[in-house]
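After this come two complexes, each holding subunit A, first together with subunit B and then together with subunit C.
And then the complex of A and B:
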């Protein structure tokens, strides 16, 4: 039977079929394109998708690929070194220091910066003009650019001009250049970090505290709770989501500290104050070691991913 | 009746101490620009005995500072504009045009928020170079926009979804198209969130250092963050000049902060509290 079908007929059937599919496509289109819905989608989605994919997602994948080569960024990467970059990285003592320094930042954030921010937030979260003024002052360092803040503190720590010179003069000892001191330079940087960022965490806590219903605190007072008990058993449990968020930000921020390091020490003296990113900058970017730098980036990336996932599955479990 | 509430002195002393810790370096910076080097050495934190104006005058004199500010402003302006346009467009498709797999796509943007921009900075640099954007302001603007998208889409979408759905139904019954609805209803109602995200992007862009450092080579293109580091490199330990320079360059940010406090605090912490 089918052998009898003439070519014309075949064409006809085919065109019928395609007409039918055309029809169904156009019907589907009409059904879904009410109010130009599909058109809007086609117009609105691609810009973000393209930008995001090209500049955020693709480079991450490429970093993983390039990290297996020794490459200066010109031509094609051809010199395959397998995990050579990684072994070189883990053997480098400056990288060790950078990792430790990053951990120190996290530690100081959690042990000093966040409690300080919380204590201050608890004492000034109520609305009054003095409290607003204090809030304004404490938040001020956060809006300064890191490079400007770094230069300001470089002056403060200058052994000839700054606060250090006043100290050493008062004690009648030699000038102390703390930022050039292997053992103390990073401590100085930690001071600047607390100075710069505690106001940000304070603001998160204040916003959370202002959302705590007043009658709960009143009720706890009527039940005879002391001020400390009211804070510990009522206020803090109620702002716990603010606290988890601020811990999240401080750790993510610690992993990316860079801008402050450059004006203060630039990673020196003898590579004792590098963080992961300043290490990446010094040993990867300025020397155009694309492979090696990418390996550092991959390590940084993996740290962030591991942190983000463990954080989400532990700290934020009950907050769905 | 309670007696007059007693003033918690301990609290105020503590707050004053912290305020001193915050403010003393800033005042020292502003005043340092008015001191001669000799005086700066003996009196780093007090008021100047002799007020010298030449250092501030010199900062303005060579005019490069205006060029730096202008570049920073151009970069910030286009970063904010593009982030707001592209971010709202994308967030709108997520909030009002539900399509197959939109949740996956939305999460795709959200994971970008967790990536540290620095991790892939070398491939990003090569990408910018290969696209011919090196040493141009757009080479700073475009990646900045890309990195701000995750955060802004999250905030925009949350806001758009909280708008009353009756608005949308009514508009659709009246035959209003999606694009018109976006333009005439969504955007005008979203000024608070536009301001919040705009301020966040503005401050981040104004303070950005790593990306311009990577992308820009000619001084003509430098934003102020690069300019300030270069100035410091030129004048070494002439701290009075450097402090004057720092003061001048941070003033716009502080003035802006005092005027737009509410939005700045919301922009910088808002994502945390709402997210």
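And then the complex of A and C:
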């Protein structure tokens, strides 16, 4: 033994050291705890992160993984096809149609649905019992479940029994089956979409308009502003945050459109009315091409992420 | 001693959960094991209460004869059945026996190891069934289940409407005769055909039968075997062109592209159109879907086999249809196998045949068929030179759906016959 430290002493030294390191950890912790913020993080982040990983991150990763396989959903995927699913997807004409249809929904939302909602909101935002009644009426379609709404409209559009048939009878023309018409079926769907969701956007605008200070409007009137000028220069600038939110919702809604399409046309005729999601469901899930479906899902995911980030960083950025 | 006793009691009091919970779990496990031994679960999609009540009676008799065994018939609606089955079969909730068609979907499930090889167990009943139907559940030399019924697709027609237009169904032999009949019907102001473009699979029958008539058994087999140019070949394009010729006459009811199978059968049942290309099951369905509930009556109803193509390689006796049956899942018990063998007995087949519910597959059961239509169809299948399964079942979920798509595509004018054939081939190559 070169040094004369007894075994007992050694133990003591070691425990001293560990106590010292314990002390330094707790000191570091205290220093960085910023009023219990670090503690909260340590306690609450792991369960949240775990749940988020299991239910969000892993499925996304799995979808990305499966999209590289030709796989029918049975057992483990084994047939590696690299980017075969993606090349097949971009070559598929029905996918082009689905993308176009989704873009059409976005366009119609912004050009027709939102202005319509705004006009109605402007005319009924003041508090009175008739206005409440109209609000209720306009909001009703939104309350209705999508599938029920789809089935109702399928009946409306039916050329044999529906409202459409009495219309064509009155005009004395041949009965028209709009949902069986390659060129018009999607127009019919767009009509239903506008009808279904304008009430939702109207409510956002009404809420925003009720927050516009009355004295500002009165001041503008005293300054000689016309009704239109008051709307254009005072009300709309003040509810612009409501409008950006509603555009955000309508684009996101367009990317998700599915539950109206299935009962109305199921994507037909000739795949002319698919949206991205109904395309995913039809060609990925019902046909047992889980790999292919995953590829569609990944594309959809990328679209959503790109949109969300660009929108956040441009439209929804706080103007300083 | 006393002190120690109270101590253990305290311990128990504190830790009772540690004792009770495992016991409860163990108890529930053992009960569920015994339960799994005696309960045979059979999943089906039969919506007709008449058929189900017959099955229940059979199951009841069997339970009586075999105490301790319970037969549970479980029902899922057709579309729900098709969509839930893939996940259901991989879960712990899988049934012992389930309804299945022969063909691609069945083979996919065998490949995935989901079905039980019962070649040995079924050896002794093999001779009871017709060969074609028995072999529909044979794949790579192994047997996975038993057939239950067969069906054929052909034209149902309305005799009085035919008469009105001066069409003699017996004279319609070739495709050209058929197109001639369409023109005659139209001249008489009658809608010639009803179909369901919204559901697509009824339209598939046209493309399927035309390709069968044109390419013949060998041609279809070559395409399946991927012998170039397979489905993109001349015969398949020709079949599409013949379908296009029909479509160009505008023979279908208006709105057919969005119509469902129910709409279309109702249209026929109401006497609004003269023909419907559909399977033998439509005999009852068209009546159910009609406004009166009676449909086209027996005296007014006719059956016509699909016409032949003049230069085609297919024969008039080649038939398209289905063979449905029951397969066993990989962990099905020996009791389930015994039950299935019992279930497929000749008495029940006879009984169901006599009430027009099925065209039986057990040899000798077809004598019970009294209905002339069903009798004729049973004979067609018995004398068939080649019984092809519905394409959407035979080719598997994916290619089958593409076949449905392209058929509806030709009908709607969205696809040319050339494009249709190419799309099927593309899907098949990817398979």
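Note that in this section the second predicted complex is superposed on the first by the 266 of 320 C-alpha atoms of A that agree within 3 Å, B and C clash if a C-alpha of one lies under 4 Å from a C-alpha of the other, contacts with A are read in each partner's own complex, and residues count from 1 in each chain.
In this text, a contact is a pair of C-beta atoms (placed from the backbone, for glycine too) under 8 Å apart; a residue touches a chain by one contact, two chains touch by 3 or more.
This is a predicted model, so every value here is computed, not measured.
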Note to self: Should subunit B and subunit C be called a clash or a fit once both complexes are overlaid on subunit A?
What the structure shows: fit
Next item on the list: Determine, under the contact definition given at the top, whether A:271 touches first (subunit B), second (subunit C), both, or neither.
Entry: second
Item checked: Which of subunit B and subunit C A:73 touches, first, second, both or neither -> both
Check: Which holds for A:160: it touches subunit B only (first), subunit C only (second), both, or neither?
Finding: both
Margin query: Is A:168 touching anything from subunit B or subunit C once the two structures are fitted on A? First, second, both or neither.
Written below: neither
Checklist line | Partner with the higher number of touched subunit A residues, subunit C or subunit B | finding: B
Next item on the list: Check whether A:141 is in contact with subunit B, with subunit C, with both or with neither, and answer first, second, both or neither.
Entry: first
Next item on the list: Figure out whether A:244 sits in contact with subunit B (first) or subunit C (second), or with both, or with neither.
Entry: neither
Note to self: Looking at A:286 after the superposition, I want to know if it touches subunit B, subunit C, both of them or none. Which is it: first, second, both, neither?
What the structure shows: second
Item checked: Overlay on chain A, subunit C to subunit B nearest C-alpha distance, Å -> 5
Notebook entry, point to check: So which bits of subunit A does subunit B touch that subunit C touches too?
Noted result: 73, 158, 160, 285
Note to self: Taking the touch rule as given, give the residues of subunit A at its contact with subunit B in the complex, in rising order.
What the structure shows: 34-37, 39-41, 43-45, 47-49, 51-52, 54-60, 62-63, 66, 73, 116, 120, 123-124, 134, 136-148, 151-153, 155-156, 158, 160-163, 165-166, 195, 199-200, 203-204, 207-208, 242, 245-246, 249, 252, 255-256, 258-259, 262-263, 276-277, 280-281, 284-285, 290, 293-294, 297-298, 300-301, 304-305, 308
Margin query: Please output the residues of subunit B touching subunit A within their complex, sorted ascending.
Written below: 11, 14-15, 18-19, 21-23, 25-26, 28-29, 32, 40-41, 44-45, 86-87, 89-90, 92-93, 97, 99, 105, 108-109, 112, 114-127, 129, 142-143, 145-147, 149-150, 153, 172, 175-179, 181-182, 203, 206-207, 209-210, 214, 225, 228-229, 232, 237, 239, 242-243, 246, 249-250, 253-254, 257-258, 261, 264-265, 268-269, 272-273, 275
Checklist line | List of subunit C residues in touch with subunit A within their complex | finding: 82-83, 86-87, 89-90, 108-109, 111-114, 197-198, 200, 254-259, 396-398, 401, 405, 408-409, 412-415, 430
Margin query: List the residues on subunit A that touch subunit C in their complex, please.
Written below: 70, 72-75, 84, 88, 158-160, 174-175, 177, 179-182, 185, 265-266, 268-272, 285-289
